[in-house]
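Before we start, here is the structure in question, set down as structure tokens.
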Amino acid sequence: MSKKSKSVLGIFGILLGIIWLFPFYLIVTNSFKTPKGIFASVLSLPVHSTTDNYVNSFKALDFMASLTHSLIITVAAVLIIILGAAMGAYALQRNKSKLSGGLLLLFISAMLIPFQSVMIPLTANFGSVHFLNMWGLVIMYLGFQSSLSIFLYQGTLSSIPLAMDEAAEMEGASRWQIFYKVIFPMLSPMTVTVAILNIIAIWNDYLLPSLVLPQTQYTIPLQMFNFFGQYTKQWHLALAGITISILPVIIFYLIAQKWIIKGVTDGAVK
Amino acid sequence: MMKNRSLSFWLFLTPTLVALALVVFIPVLEGLFYSFTNWDGLTYTKMVGFQNYIQLFHDKAFINAFWFTVGFVIVTVILLNVIGLGLALLVTQKFKGSNFLRTVFFMPNMIGGLILGFIWQFIFTQGFSALGNALHMSWLQNWLTNETTGFWGLVIVTVWQMAGYIMIIYIAYLQNIPNEVIEAAEIDGASAWQRFTKITFPMIAPAFTVCMFLTLSNGFKIYDQNLSLTNGGPYHSTQMLAMDIVNTAYNSSNFALSEAKAMIFFVIVAAISLLQVLYNRKREVDL
Amino acid sequence: MVEINLDHIYKRYQGNTDYSVSDFNLDIKDGEFIVFVGPSGCGKSTTLRMIAGLEDITDGDFKMEGKVMNKVAPKDRDIAMVFQNYALYPHMTVFDNMAFGLNIRKNDKADTKKRVENAAKILGLTDYLKRKPGALSGGQRQRVALGRAIVRDAKLFLLDEPLSNLDAKLRVQMRTEIAQLHQRLGRNFIYVTHDQVEAMTMADRIVIMNDGKIQQVGSPYDLYNKPVNKFVAGFIGSPAMNFFDVTLADGRITNDEGINLAVPEGQYKILKDKGYEGKKLTFGIRPEDIHAEEVAMQAFPDATINAKVQVSELLGSESMLYSKLGDTDFIAKVNSRDYHEPGAEVKMAIEMTKAHYFDDDTEATIL
Amino acid sequence: ACSSSGSSSSSGGKTKITILQGKVENNKQFKQIAKQYEKTHKNVTIEVTSIGGGTDYDPVLKTRISSGNSPTIFSLAGPADVKQFKAYEADLSNTKTAKAAQPGVLSAVKSDGKTVGLPFNVEGYGFVYNKKVFEKAGIDPQSLTTVDKLQAAVQQLDAQKDQLGIKGVFALPGKEAWIMSDHLLNLYLAQDYNGNAQTLYKSKSMKFSKNADMKTMLDLQKKYSIKPVMQMDYSAQVNQYFSQGKTAMIQQGDWIYPTVEGIDKTFAQNDIGMIPIPVPGEEGKLPVGTSLYWAVNKRKDAKEQKAAKDFLDWLYTSKEGKKAVVNKLHYVPAYKGYDNLKMSDPLTSVVYDYEQKGQTTGWAFPGYTGTAWDPDVAQPNLQKYLSGKQSWDKTVKNMTDGWAKQQNK
Amino acid sequence: MVEINLDHIYKRYQGNTDYSVSDFNLDIKDGEFIVFVGPSGCGKSTTLRMIAGLEDITDGDFKMEGKVMNKVAPKDRDIAMVFQNYALYPHMTVFDNMAFGLNIRKNDKADTKKRVENAAKILGLTDYLKRKPGALSGGQRQRVALGRAIVRDAKLFLLDEPLSNLDAKLRVQMRTEIAQLHQRLGRNFIYVTHDQVEAMTMADRIVIMNDGKIQQVGSPYDLYNKPVNKFVAGFIGSPAMNFFDVTLADGRITNDEGINLAVPEGQYKILKDKGYEGKKLTFGIRPEDIHAEEVAMQAFPDATINAKVQVSELLGSESMLYSKLGDTDFIAKVNSRDYHEPGAEVKMAIEMTKAHYFDDDTEATIL
């Protein structure tokens, strides 16, 4: 592409990006305002900017503890989702039978079920085996999130030549070794994507953890919703809270993005 | 290739299948059972047969919600895929700032849907009015006060939020296209657009399947944004299916009817989405 | 001792109506070096892949050491393979690509390192051990693929055109290395090549295939000198054997494009005995058995033709004369001293003792 | 799945009680109170869980119960809840708290003659007004005792909008349908049912005889409200307009005090007050009632139930408890024996005063808030009327028909 | 008229420290058929890819018809290319793969069909037009890759080892087809091959590269007979030229491994003039210029050696004798009549008129 059309694209992109960022402008600017300031004019810049909101929000969220819970749950869940889904997708994609097609549809259809309709039976079942805690939650996430991840992996796997499996098989690798040493690393761009999407979903999830977690294991969103009473919504704290709680995700995203590199399969086969 | 009967096939699927069964399918079956009772979320006292199902077909709110949702899904599926793919193509061009833009477009997903809805309310009610006043454009005013602006408000928020999501899925697949094939097309004289339509797009067919499915099913399932942006109002005119189902359960404690609605919802959405998947799968090729 | 039997093997790919390999029947003795040759698409790779276990065998049995292996997983067959399309692991360095099989077998790290480095030296890849396949040239990639096999000590080596992308010099070196590896390990090798020189020089026995079927199995010498049919005769040897449609009568073969050659006594007797007198048949003669030097005219006065040179190529010590006799194209490989410019009318002598005769219908060799 | 009865939650001699409640805004205070209680009652531990945000309380409670994780103390919102959770409601008739209750406040939580809920507090609503605006305009809010007087004042205020620095006399949150369907409607329905939620809940029909009065009041608010009303929600009404002095008055209750205080403390402390909404026939009376009641889980073992009851008794009848109720929670008590305590803010003071004076009307609306009629019939119909899509007569008809249909199923 | 200039072109890949191509300087005349040869990894594909516009040129200018093309997008260069690794479109049928370039140019549908079908016939792919590349054999894929280029009428054709996976017979056919295409279109062709026969027979000029640098550019005849340095001499010709370290003195070259040969008068004079008398130099002789027949001994009595045959290969009419003289390996290509078993001590005669001499330090050709 020529230099000129690139810069045109660039300018267009930046403009679009600014529009895109507008709500974040609201979040960030308002997080520095006093409650009065927020409602005096949402759209303006803070007149008397204050960092109190951050200090108070940090305390009210019990931030270090809830951050720890959020991190443990998110990391654990995302790791097993990635592994489980990649394995599942691998099995499904490399098996060209009606059965595997059916199983894939089964997984996919699981994504269509409105959560609220399974909420009570689900928690009842987990409660009856005393599994309403972080680890139970992690398993639930595996169940809810792996479908999408399998679906995503499944599509990418078709572009990894079967020759890779074959070569490894000829070298004596077991199915697990083929998966773990050859296929899984080649899926890494998709793994990053799967990780991002799952992290986002789990990090922000409110409803499920609110049903499952005991108070001692509350995550950031659960604490955050303490700012939203039936009548009183503490926007100043909430906005500051949002800002600090999405920072870890943004940082992760920025780092992870570098891993979505081009051409993982280049040079594999003729 | 893995064989059906091979142990490894099943071992590889065990973790996810077990979790799925525990977390989704068993509860769904329970829910299905409850839909034939008068369950109130705690107990049921009798089996009522198909009564709930009969009732829901006479439930105007449900039917309204259905058509409203269908309209919403059609619009968002198109917009999201076009814009999501467009963004993906935009940020995979190598120009300065493209990486930064990737983050920007994805950022809306980093905030939960509920909070987003609240923030957008400000934009619609205040930002849009301010803009409308300044530009003397009356259509910018009174947003979210009627069905039409509520509809487009929901569309805007959904597109704004999910386009980045769809974008990164498309990006992941775009990056997976072997360089050499694109090079071959360049040599064959294909313009950027031709490369896109003839090579890139067919080769990311799986992404298209996935994104179509996701936008379809998410469109049908959308709840948080609906709740926080319009709360179904005014007078339920912007109430979507998921919200209707939830409200049936929460507001009137009619959990059984809600389950029945959920099952019907599931059947309809599954039929549409899975047909779509099967159809698109046919077009994909294994390399 | 590794004996390998391919017992009436058939393969049909899903979606195809024809068999890609049919009735493939071959016993390989311990330590033999077998070369598969045949035109593109004749089923060589398919056969190799069935032996490796990568394709299901549609019908027939594949045995190693007497045991039927059809259902044994590839990884349990202990076979090393060079894939025609390389199949390198793109995310691993060259070193890791080559070490993979050894690591999988939990081979001692130090030993692995030694072996890989040694192989890299042989293959001229020492400088590239840290690169990923994507940053290698075509020939370098092919060498990595080869390296991956030669570091291993498998029961059976399958090499599918392992040298096709290398230059002549490297090729000769590699050929020697593979031959030495074969000698050192004493394992069975099955080698697919389209390079006649490789086939002729490396093989204990050559399997020549066409259209999924074995045409002939034999030593290079046999295939060259005693092809069983016209296909084999035409396939082995480069440039290929020239064929002419002729009629046999009265100790001569003739046609109306200018052939009129005396058939040597012995040959004629056999042909007559087999009942070809007065019949049409195909006469074959290799380019190197057509001479243009004066001496030859004198030696074979009864077997000369007058051809017209169309294209001539000077290849160092020899020249190819792409010529025409009537409407039939043929090639003569002559000494460069007897080079002729295109367009020249040249008298050539045919060394009739080297002649081949094929039945017109069955294409089988008569003599 | 309801197998919680056997599982004892006491360990090491200590009894653990769990509280699940839906007022997140009081989360911190409840926790502090629990700590305070634990200090003086060494053998009890209390775990408070508050449900906030977009989740409704009932489903969460149901989930908790069905997953065997049910709380010892939970809350009920009215007759519908009383019916739903019947199997879990312990008899609280004999608690000190129940006995101390003000007359009438327990009527909504009687089940088979037993008292199964104890009010959190009482609340009252009316027009919360901006003192300064009224002062500037020279109107005494206390004088607005009839609809006519109110109308006149409103017109006057509206005429001086700009001088007064307000954008509208009212801020009517058309988006927040419950403000109409619960609070406003209550004023014109309650009389038919003596202000008794149970009676309404059990009634087969709805007369809605005072609907014309309601129309007058709704129209008045709409006409003089900041526009567009259909865009306005609670937060806009209270935070953005009222607390910023942009409106003269709003139809709200004492619960908005913390919100207003959060925005502007001096304004909240000095410049706001509340008057009753003038209703023909009920002039000068403030609607006071209870929206939430405590219940104790019958399925827990006796010891745990006892500990729970003890805690509630302590909270509402002991000296420290009362202090906490008034000063920490800022509740207007639903109980007797608080005479020596002063309400902490101007709005609760108003409610308390009216309560003490007995100039109150009852809350009948909890009789329908737990039923589908409220969200599915009342709210959409009122919103339709408000947005001009439907006539008032049709609205009334739909509402009364809808009620009859629901109740006669 | 398409003239192409490569003007001091350099290429360094990102991440590499060395240049993959350096100071590549070449002018290609209109309609020329250029062949690139050189050892694996020497930069042939890289150069092609720079010409195609697929790799950035690190330094230097690439011109077509006098215009600098460095920044022109590949699609606007009007080039057809056969990729070394095929780069087929996996989602298209063989037909669509070949038709793609024409369709892009909105070529008339009927004409496209005709051209593709015609190409398929030439390539023996007629039966496979409806298949996807995944279901083809290696050679068939390569033919599709070739087909994709030959259906087009581009300004410049780049062919990167287009025949490497084909059998000898098909290869000869394809070679002819490509040559005919070249003649018919009159376009410039750049052709990469490691097959000496292809290079020798097809090229107008050969560019021989090593290590990213051009070694010599010239007609096949020049390269074979007048290599500019030892590298070219050793690279062109198969088997390669034999080299011996010798010392020149008194009209003879000698070494202590058994060489003692009379240098012909004319050669000696030049060598002496250039100051090599009494100096060490490298003596080169091609395998076909070493003879083992009796006649040769008589013809060159002053230039014989006594070698020991290590390995011998019978290749139809010729035999290779892999031999040793002292510690130096060399190969003699002799008439099969003079075949010798391994282990035999053979007296051989060297045709000294065909001798080459190289400087020991610069490796440049002296004579």
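Remarks
Note that the chains take the letters A, B, C, D and E in the order they are written out, and that residue 1 is the start of every chain.
Definition applied: a contact is a pair of C-beta atoms (placed from the backbone, for glycine too) under 8 Å apart; a residue touches a chain by one contact, two chains touch by 3 or more.
Just so you know, these numbers come straight off a predicted model, no measurement behind them.
Of all chain pairs, the one linked by the largest number of contacting C-beta pairs is A-B.
When every chain is reduced to the mean of its CA atoms, the largest separation from chain C belongs to D. Comparing per-chain C-alpha centres with the mean over every protein C-alpha atom, the closest match is chain A.
Taking each chain's centre as the average of its CA atoms, chain B and chain C sit 59 Å apart.
A straight line joining the Cα centres of chain A and chain E is 55 Å long. Rounded to a whole number, the gap between the C-alpha centres of chain C and chain D is 93 angstrom. Contacts with at least two other chains are made by residues 73, 85, 138 of chain E. For chain D, the set of residues that touch two or more other chains comprises 53-54, 59, 62, 66. Shared contact sites, meaning residues of chain A that touch two or more other chains, fall at 1, 116, 120-121, 125, 161, 206, 233, 263-266, 269-270. Interface residues of chain A facing chain D in the complex, by the touch rule stated above, are 35-36, 38-40, 116, 119-121, 123-128, 130, 132, 206-207, 210-211, 215, 224-235.
Note for the complex: chain A touches chain B at residues 1, 6-7, 9-10, 12-14, 16-17, 20-24, 26-27, 42-43, 80, 83-85, 87-88, 90-92, 94-97, 99-100, 103, 105-114, 116-118, 120-122, 125, 139-140, 142-144, 146-148, 150-152, 154-156, 158-159, 161-162, 165, 175-176, 179, 189-190, 192-193, 196-197, 200, 203-206, 221, 233, 238, 242, 246, 249-250, 253-254, 257, 260-266. Of all residues in chain C, those touching chain E in their complex are 13, 15-16, 37-41, 44-46, 84-85, 124, 135-140, 142-143, 160-161, 164-172, 194-197, 200-201, 220-221, 224, 234-235, 237-240, 286, 288-289, 313-317, 320, 333. Chain B meets chain E in the complex at residues 178, 180-181, 183-191, 194, 198-199, 202-203, 205, 285-287. On the chain D side of its complex with chain B, the touching residues are 2, 53-54, 56, 58-59, 62, 65-66, 80, 84-85, 87, 174-175, 177, 228, 230-231, 233, 236, 370-372, 374-376, 379-381, 383-384, 386-387, 389.
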